């Protein structure tokens, strides 16, 4: 558990960072980038793992199992799709 | 007092933010920007105020006094100098 | 080494890798390495999570991960390039669902075991649960629509009012749960989730296929937020940072995408729910003109091998000849082979294009006439038509009733991709509709010739 | 409302304002508002700090603030524009000093009152103290050098070794203080500060005046870091954020500045300590050619009222005529009045410049010959000389022994600012040294004509 | 027996163009016809007989008229027409209005005569459009002639001996020739103004860098041509143009209305208001000229102003004029060829529209009226 | 009494330039001199007498020679020289080599004669440099003449009647005239190659968009001029140039070596290798021409190649040629004026260098040698 204001700071700074990092992106990258950030929030997997890891009742276990399953799907699917989309930028010749 | 890792996160994110914010600055703004960021760390004033405010011995008071004096100088001087330098960008016509 | 410390350091590194990965993904030059960086962050974070103290159900966990991964991997590999958007929607929905489920576990534990959560955390858990659930059901609808499983858009009167009502109800339920804390009834929690699911479905159903990408991006940002909130609940910094960064980046991205479609976000979401512009599939209907952005054209051209430029009367009107030559030089510097194809009657006088290209300094050996170049179009990766119309109109080959029937044309329609720069719906000299503009591999870059080529130049420079 | 909460919210707002302020300051269009935003953040943070619980010595505090502010205000207002860099150094030194003093208070309190600090905090306090102190004494030396109080650079053999030794000693002392904690002797603390002061002096003394701005920027970044560290010590988030942002931005800035001088940072700091390139004053010696960056020229021209462009043979060689015309159109769109001044014998044949400008499409009414335009130069804010040499050489007016004596020239030297684009030290047709290039208000933009004008175009677009 | 195509030598001495070039000859041979040309046919255009290759038969003055298809530049003499067998196809710039006697002879000889100037100006026919191809040459050439005759520089020139201001060139009539003239004058660095009665030309002139003189008169006629102006409109036009003409160093006029004499746009007073040393090139000379003082085919000087009214301008660029003309003919001819056989499709508006006489009938209405038959 | 400057009318009928223009007259009057001109002096250049204003006296054939300073274009006739009083200053393009008798008369008449072609080409003298100003006109004009005479288009033209490839133009000698020719031909859209023996010209030609023909021969002489080539070098040059000449539609030659006959660069064989319809414009005609077949002042056709060798080219652009020439004269004259009085500073290398005769002595060494006195 985290002290309120520090959380706020982290939230603010992370938001800033996210914003700045994206701010100059060409349209062609909109979809890959959406997909890439979709992959990044696949980090929910670690949360799901913790939830399942600490689940006690069967209900908790079932929900936890589902959470991990979902999260893994998000992460792996997000990665593969993004990679496939970014393949066209392979030969960055001329640079 | 702050828990170590959160501090690290804040540090990392703030560093990122600082970096991204500056990353595309024209040469003509180097000096004003240096001056502007010089002003920003004038925020040390609040620390100095706290130090003086909580000073007990005369030595502490003396040092605290000096700290506030210095910090105020940093803040006010930094501000005025930056403002003067940025005056040339006053008439941003054509935009 | 202290396990806890190891985990924290790993999470920290993962967060850094995520940020750097996203940063790299926002430039075409580094985009590919970006996803790899982020991928390593994910692997690291996942692996160390096994080391969490007192982890149980590890077998189950591995099973879930394996199962989820394999299904996702296979489906992601198999899906056609054109179906990507709906897959992103699906994976995103899964993420939102996971976040919601984490919240569910926490809430159930609170209700069931009297495991107390402090107020703010409970609040965050509930809000995260709501957002995650909406993202889940909404994304599934988005998937179904794009996949063609749901074909029509659902519009009825009072739609907005009903949604508002539902939202108020959910708000109320949430407030009750937060207020009652440990004393909340389990059915209340269950009801909360169900209503949220329904809400996600209802707000997504009316939105038309063409607007879906924007909506998916929005759900993506929301999932990020949900993940961040659950991160707070779990005290998991990696989730907080990654979630927040995605939430903020995703919001910006959503706005940019809406802007690229010349719509405001509110317009996409509420005003008529997007059904006006297009309904049904995300793929544009065959026979529609498909607009494109300068930045995309720049990437297409910048990474092409062969480019053919076809100037027409519009280039003369726009006086874009100098810009076209500058663009050509930029492309040549990137080892793109550029040729100019001049139709015998392009412009309004014999040699009109020659005069202009000579003025701009285009060397004669880049300029080819119809007979010399017509065989090259199938090898052209991108054909850029600037202000030409009649001279690239395939109708001249196909429609004996057309006034231009029988006129030889430049076979721009045979090239792999064609981009047409023109200001709007203006017809050519002959006033005939142009079949090329509606072709599958043709994209329209609307705007004044000189202005658009300037933009292309700026964008190619960025590559 | 809870005072503590009020303070935290205010600090939070201040931190946001600082970041936004810095962001705005990094673009010429918004730069002015940037400092104002940051200013409001500072006012807010300062005011709420009075509300801290159990504040004592408030009178003293107000006195210190008042005194510091007034002195700083008056001196900052009075200082000449050319003396700004040393003032920044001075103010920056004050900030570093303040951070060091805060650390001193904490350390003294620890030693005197047995007020224990946990290890990491103590470490941060000591490191912050060191950095702040070095920034203080180093900045003062930088000030003294730029102000001309110290005129020569100090170089002696073994300098680096002595500095290294001193650094090791300080490290040792610091380690001892951290290790002993409450049990450290006061003299140890005092000694630590004194040595740090000396160290700051020693590392700054050998650096030449021309490199000072880079060094000042480095000290600025260091002060930011020190402030952030002391922020950790005090648990003051505003200080942490602001300090870190400045530390990171300042580091980047330092690198950019070094790059703009075509030097690496290490080269500035260590290799010969910069004394090789230039010694003495930061102001360039009268009689030297002063290079300039395209971005600065762009700002000068973009915000000018009148601009005169003088093309010469070099424009022809570089084939920069189209670019020059593009630049002109951009400037015109910003309401800058642009004229072309053509010298009768510019180029290598009569009418050489006319041919090129006509090719680029420059309308005839912007083109003026020597007799028509020579009276206009004193009103020209920026005169851009591109590839012209002999035809703007004031020696033709002044030196009867020169082969070009008596040739009428374009009076570029009479304009407020002159920028000369040429590739290097190449002489003109007549081979005579050009006095214009050494004039006080002349800056040299080195590079191929076409390339440099392209850069100017890109930069003007950014404005 | 394969189709025989023949090309006699032109009779008019000033005509330097020819109806066949080596390049087109090669293409025709590939499509399976046989070719014969009169000795020296291409000489004036620098196409010596031997450049046509072995397969082209060189024949004499008499034999050359014995063929199924005969290509010429101008209308043949009556005695030559009489040499042709009935059913022969004749293609050329026959200008029927000026050669009514010959038209009668063609009719009576049952010659199928296709007049190139009658080809309808539809998109598909652009490759056959002689008027366009020859007008492009004329527009270019007119500027060269003007620049050569002008006493002043066209471009601006800043020199040690003073600055020379660019010449002002006014182009009247922005059809094919006028546009080409604009382009050429602009290339040489002149300041160009242009004027036409058709509103659509404004954008076209501007796209070539000319300033367009706006007038409230709009006179688009049929098929992209202009109509004749009313007396009122003419006065208005004169008033506005007068100032522009007076300020110009060079005026090039190309205004034409199909089937009518060229409009008189520049009157004596306007000429007299021009500075000495100025030049008027009147490309409309064939139709009587756009300037009151024009004498077709002559160059005269009035009050220091040179008025140049050349005829058959394109003959001065014989190489390219012939190449383009021959290509136009070729494109029409292959329209009528089916597997090496002549096949005239009377439903094709190009063939139908350009036929002057066929099988003893004058097909072209205006000519029929002129002959009164 | 203020200084009197007079301008007689030129005697040579082909000379259309004049030594004074209304604009320069106004400036001269402002500097305090009085002016008289012979009746009709400027007519051939379209400067009628009345354009010079009230203050300029119109005088007759006899009276005009009575003045302290006399400005002409070409060398006056002997009888006119004899009309001048001793001490009169005569300024003009006197071409002493071609007029040795007149030079003697000038010497004997104790005339101070300044030959404009002798003005040293130093930076300061550029405003007086007649060779440059007239060469610029000649270079421009040469291209117009070539384009007018050529049977082909200069620019590329993609049309419905086929694509016309751009003309290839070769410029030999890239001095002032050559560079101007490059610029003008490029403007018209031709593909231009250039060649000169001076290495410095390479960059100059390229800066105007021409391709430079590289050769290992480097022949810079004194003062920016070229030196004569050795026999060996000449052969090498011919070999390399031959191909380029053969491939060109237009060749413009301007090569000159001061004080010597123009180098013969194009021989008969080269001309014969050119395609029929090509054109050679030999601007070096005054010095004998750069082409073996050149006959100065004539236009001849050899094997279908037109060889045009005009003399006094600048007279064909009389307005601007006169304006620039008059400005050159003016700039020299004011160098010699001090408060309205004539003051010849013999230490000034411009004045000393351009003086042909003074006070009974021939100052110009080469001329002195030629006369053998």
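Going in written order, the chains are labelled A, B, C, D, E and F, and every chain counts its residues from 1.
Note that a contact is a pair of C-beta atoms (placed from the backbone, for glycine too) under 8 Å apart; a residue touches a chain by one contact, two chains touch by 3 or more.
What you are looking at is a predicted structure, and each value in this text was computed from that prediction instead of being measured.
Undergrad: Using the touch definition from the top, list the chains contacting both chain A and chain C.
TA: Neighbours common to chain A and chain C are B, D.
Undergrad: What shortest step count links chain D and chain E in the network of chain contacts?
TA: 1
Undergrad: Quick one: point me to the chain whose Cα centre is farthest from that of chain F.
TA: Chain A.
Undergrad: Which chain's mean C-alpha position is the greatest distance from chain B's?
TA: E
Undergrad: Same or different for chain A and chain B, when you check if over half of the residue numbers at their contact belong to both copies?
TA: At the contact between chain A and chain B, which are copies of one sequence, the residues are largely the same (over half shared).
Undergrad: In terms of C-beta pairs in contact, which of C-F and B-D ranks higher?
TA: More C-beta contacts join the chains of B-D.
Undergrad: Can you work out the whole-Å distance between the CA centroids of chain D and chain F?
TA: Inter-chain centre distance comes to 57 Å.
Undergrad: Between chain A and chain D, what is the separation of their C-alpha centroids in Å?
TA: 40
Undergrad: Residue numbers in chain E touching 2 or more other chains?
TA: Chain E, residues with two or more chain partners: 126-127, 132-133, 136, 155, 157, 159-162, 164, 187, 189.
Undergrad: What residues in chain A touch two or more of the other chains?
TA: 2, 6, 9-10, 13-14, 16-17, 21
Undergrad: Where in chain C do residues touch at least two different other chains?
TA: Answer for chain C, listing residues that touch two or more other chains: 19, 237, 241, 319, 344-345, 350-351, 355, 358-359, 361.
Undergrad: Pull out all the chain pairs that touch, please.
TA: So, checking each combination of chains, I get A-B, A-C, A-D, B-C, B-D, C-D, C-E, C-F, D-E, D-F, E-F as the touching pairs.
Undergrad: Where on chain C does chain A make contact in their complex?
TA: Residues 11, 14, 18-19, 21-23, 25-29, 31-32, 34-36, 38-39, 42, 45-46, 49-50, 52, 54-58, 60-61, 63-69, 71-73, 75-77, 79, 81, 84-85, 87-88, 90-92, 94-95, 97-99, 101-102, 104-106, 108-109, 112-113, 118, 120-121, 213, 216-217, 220, 223-224, 227-228, 230-232, 234-250, 252-253, 256-257, 260, 293, 295-296, 298-300, 302-303, 333-336, 459, 462-463 of chain C touch chain A in their complex.
Undergrad: Could you list, by residue number, the parts of chain A that touch chain C in their complex?
TA: 1-2, 4, 7, 10-11, 14-19, 21-57, 59-61, 63-95
Undergrad: Give the list of chain F residues in touch with chain C in this complex.
TA: Interface residues on the chain F side: 155-166, 189, 191, 209.
Undergrad: Can you list the chain A residues touching chain B in their complex?
TA: Touching chain B: residues 2-3, 6, 9-10, 13-14, 16-17, 20-21 of chain A.
Undergrad: With touch defined as at the start, can you tell me which chain A residues reach chain D in the complex?
TA: 5-6, 8-9, 12-13, 16
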